[in-house]
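One chain, chain A, appears in both complexes that follow, with chain B as partner in the first and chain C in the second.
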Partner chain A sequence: MEAFFEWFRWLYDETGINLTFVYDAYDRERMIDGFLMTIWLSLVCLFFSVIIGIVGAWLQGSPLKWTRRLVNGYIQFFRNTPPLVQLYFFYFAVGNLLPKVATDYGGEAPLLGNFAWAVISLSFFAGAFNVEIFRAGIEAVPRSTVEAASALGLTRLQTYRHVTLPLAFRVILPALNNNLVNLVKTTTLAYAIAVPEMLYVANQIWSDNVNVPEMMIFLLFAYIALVGILVWSMNRWERSLKIPGFGTS
Partner chain B sequence: MTRILNASAAALLLALSFALVAAPVARADIIDVVKKRGVLKVGVKADYKPYGFRDPSGKIVGIEPELAKEVADKLGVKVEFIPVVSSNRMQFLQQGKIDLMIATMTDRPDRRKVVWIVTPNYYSSGTNILAPKKFGFKKWEDLRGKPVCGIQGAFYNKKTGKEFGAKIVAFKGTAEVYNALKAGRCVAFVYDDSALVAQLQSPEWKDYEMPLPTIDDAPWGIAVRHGEKRFHHFMADMIRGWHASGRILELEKKWGVANTPFAKAMHAEWRYFETGK
Partner chain C sequence: MAWTPDQPMVSLKDVHKSFGELEVLKGITFDVMKGEVVCIIGPSGSGKSTLIRCINALNDIQKGSITVEGQEVNDPRLDKLELRKKVGMVFQQYNLFPHKTALENVMMAPLIVLREDQQEVEERARMLIRKVRLEGKEDSYPGELSGGQQQRVAIARSLAMNPDVMLFDEVTAALDPETVKEVLVTIRELAEEGMTCILVTHEMGFAREVANHIYFTDRGVIVEHGAPATFFDDAKDPRTREFLSQIL
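Up next, the complex of A and B:
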């Protein structure tokens, strides 16, 4: 393993291609942590944004006027503002208003840290789009199917869970796919509030070593790989869910 | 799976073609270009009081903008200030977005590979922290395991993290850092001592201090693009002139910075240029 790392040091000396995150132990550790942070942040945000999408779309169909208005207000707020502005707003404006808690080093810090705010902000951002995506899918389920379900005595929630959502899911997967891919890429914005994800770490490394082109190219490939894996698994899922008349062939 | 592989191959080609496009091409001498254009574009800091910052009207002022203005005057052209930050200043210079960089940049060997740094150095500073007095930090090791704010792209972030074990939380600009420090998101701000001294003069920071011994006292460099030989010579003369006439000391006084040992030493060294003594 050591010889493998040293080969990259040789590569730098010989060609000037400086991949410090391979041969420098400190940079390597940072890069691995950054990579894992990106994956973790993406997974948590993916999870919550889909939950928000499902719940939001259900609430949107609510017979109560104010519930519908509230959901629409949420969608307008998060869809019409840039995600970077939202991150800044949550972290620097809302975050500082929160009650402070004692930290283990004897100081006081606001209740939620940068990772928590990144999750909240990005999940709600992607969630707003997901609500609309889910709504489109739900509206694609034939009215007669829903009526048949209620004729069989299913409640609104039961119909949603067992009839509408499973059918809608097959319609929305391509659009959801798109949005989730976007979400993974949007996690890079978290570097603005110092969440040590991949872009943040790469930025630190290229500032320390002035190897910007190498880090940029590495970043591109890392994201192509990450998003590639996501798209591939979503496509597999899409195919496995296929039923006649719904979903891609 | 093959579809993904094909996509990756296409992306590789794309990345390579970018790398080729970015290869340097022959350029006209920058002094001629600037004179023809009538404007000298200088990259300066806009968030680094008092070296380069925005006054209440939004104009960029400070010690470095004044130096830049003198360069433009000498060339007989107008000056345009382009705000830069630590993480993009060298790239701006390489790409020709700016002709000259006077942006509080520490002169380091690996940076000299990327841009041409003019000797003699025009200024110098070391690293210290700004921290609330209540923590009572005494030595750098006291920062171990604690969150310490920094600026993205500053070289001492790595050292503070690697050697002293601090958890670096780095932001884009100083405004974000000061906000985070005040909110208690970090216990200290690791930065250039020269900037922190100026900050501590304002009453809003009266509960804060700069408690540690300054480390890494290192010279700052003015930079021009690689290969700009004539401009490089021109700037070296400008800097020698500033040191000889005591202009740097004068500007420090004007902007409320105590005269630094470096500026005094350089003045002593180059004084004979003007006075013969």
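Up next, the complex of A and C:
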């Protein structure tokens, strides 16, 4: 392993291509932490945005007019405003309104840190699109199938959970896939509120070493790999959900 | 007043149903006793399907009364679950759950709605699949079955809830003539076992054979009704005669 690292030091000495995050132990650690932070942030946001999509689409079908209006208002708000502005809004505006909590050293700290705000903001942002995606899937399930479930005595929630959602999932996976890819890429915005994810760490490293082009190229390849893994697993999932004789085969 | 089996199992009184401006049922009244098999026939658009969909509250009605075992269906406080435990329904387009196997389709409602024991439900489901002559197809998905096979799974799925009344809404209309027979055989067996059945059908021969009573509806009213023998051979109303002459 040492030889591998040393080769990159040699590469720098010989060619000027400076990949400090490989041969320098301190930078390497920072980069790995940033990489893991991006993955963690992505996974948490993926999870919550899908939950928001599922619950939102369910509420959108509610018989209560005000519930539907509320969901539509939410979608309009988050779909029609830039995610960076949302992030600032949550972190600086909403965050400031919340009470402060005492820290161990006698100081005061905000109730929610920057990571929590990034999760909240990005999940709601991607969730707004997910609600619309799930709604499209739900509308693709024939009314007669839902009616059959209801005639068997299933409640609206039971029908949603056991019939509508499993069928809708199969229809929307390509669209959901797209939105989740976008979400992973949008996690770079958390840079703006100093969440130490990959872009933030890369910035620190290039500030110290003045190796901007190398870091940029690395960043692009790292995101290609991350998104590639996501797309690959989503496609695998899509294949595993295929039902004989249903949909496009 | 509690319902007793000597009273009509299903009773309709002056039932009116409109879709917006369009009135499709204009005062329908009839009773179905326990164990009776009733066929509703009539031209397309005469409100037959709407009529039986009202019986298990898939459609609401604007005026009149429908009772199932004494329970009023036209009541905002209606416990739909109680009603649907009593009334099974089979649709023209089968409407099976495409992501579940035949066996899972049959097991689903007893497991989710009645929360019965998994093993008991599976035993009963396998028995019902044998009953509709689909042994060996338990693990097939609906997309892998023919129309007639799917419709028989749909019948088994309804029977799994142990209903007291079965509603059949043109269940053979989407099938080719060869598979119609296998579905009709299944329904006839049910009727012979004493299941109360209300069928909307275009199969006149079948109606004549299995029904205790035939109702002919046209434009939202019952034009004529009677036992099959008198109804088919001795229809009084000119509209009935015209309809029968076109079909038979």
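Convention: the second predicted complex is superposed on the first by the 243 of 249 C-alpha atoms of A that agree within 3 Å, B and C clash if a C-alpha of one lies under 4 Å from a C-alpha of the other, contacts with A are read in each partner's own complex, and residues count from 1 in each chain.
As a working rule, a residue touches a chain if its C-beta (ideal position, glycine included) is under 8 Å from a C-beta of that chain, and two chains touch if they have at least 3 such contacts.
Model, not experiment: these values are computed from the prediction.
Determine, under the contact definition given at the top, whether A:96 touches first (chain B), second (chain C), both, or neither.
In the superposition, A:96 contacts chain B only.
Output check: A:15 vs chain B and chain C. Expected answer is one of first, second, both, neither. What do you get?
In the superposition, A:15 touches no partner, neither chain B nor chain C.
Using the touch definition from the top, say if A:150 reaches chain B (first), chain C (second), both or neither.
So A:150 only meets chain C here.
If you tally the residues of chain A touched by each partner, is the higher count for chain B or for chain C?
B
After superposition on the shared chain, which partner residues are touched by A:80: those of chain B (first), chain C (second), both, or neither?
Touch status of A:80: no partner.
Give every residue of chain C touching chain A within the complex, in rising order.
56, 58, 80-81, 84-85, 87-89, 91, 93, 95-99, 108-109, 112-114, 140-144, 154, 157-158, 161
Which residues, counting only chain B, touch chain A once they are in their complex?
Touch list, chain B to chain A: 1, 4, 7-8, 11-12, 15, 19, 22, 86-87, 90-91, 110-111, 113-114, 132, 134-135, 145-146, 152-155, 157-158, 162, 168-172, 176, 179-180, 183-185, 187.
If you look only at chain A, which of its residues touch chain C in the complex?
Going through chain A, the ones touching chain C are 142, 144-145, 147-155, 158, 162-163, 166-167, 170, 243-246.
Once bound in the complex, which stretches of chain A touch chain B?
Counting only chain A, the residues touching chain B are 26, 92, 95-96, 100, 103, 105-110, 113-114, 191-194, 200, 203-204, 206-210, 212-213, 217, 220-221, 224-225, 228, 231-232.
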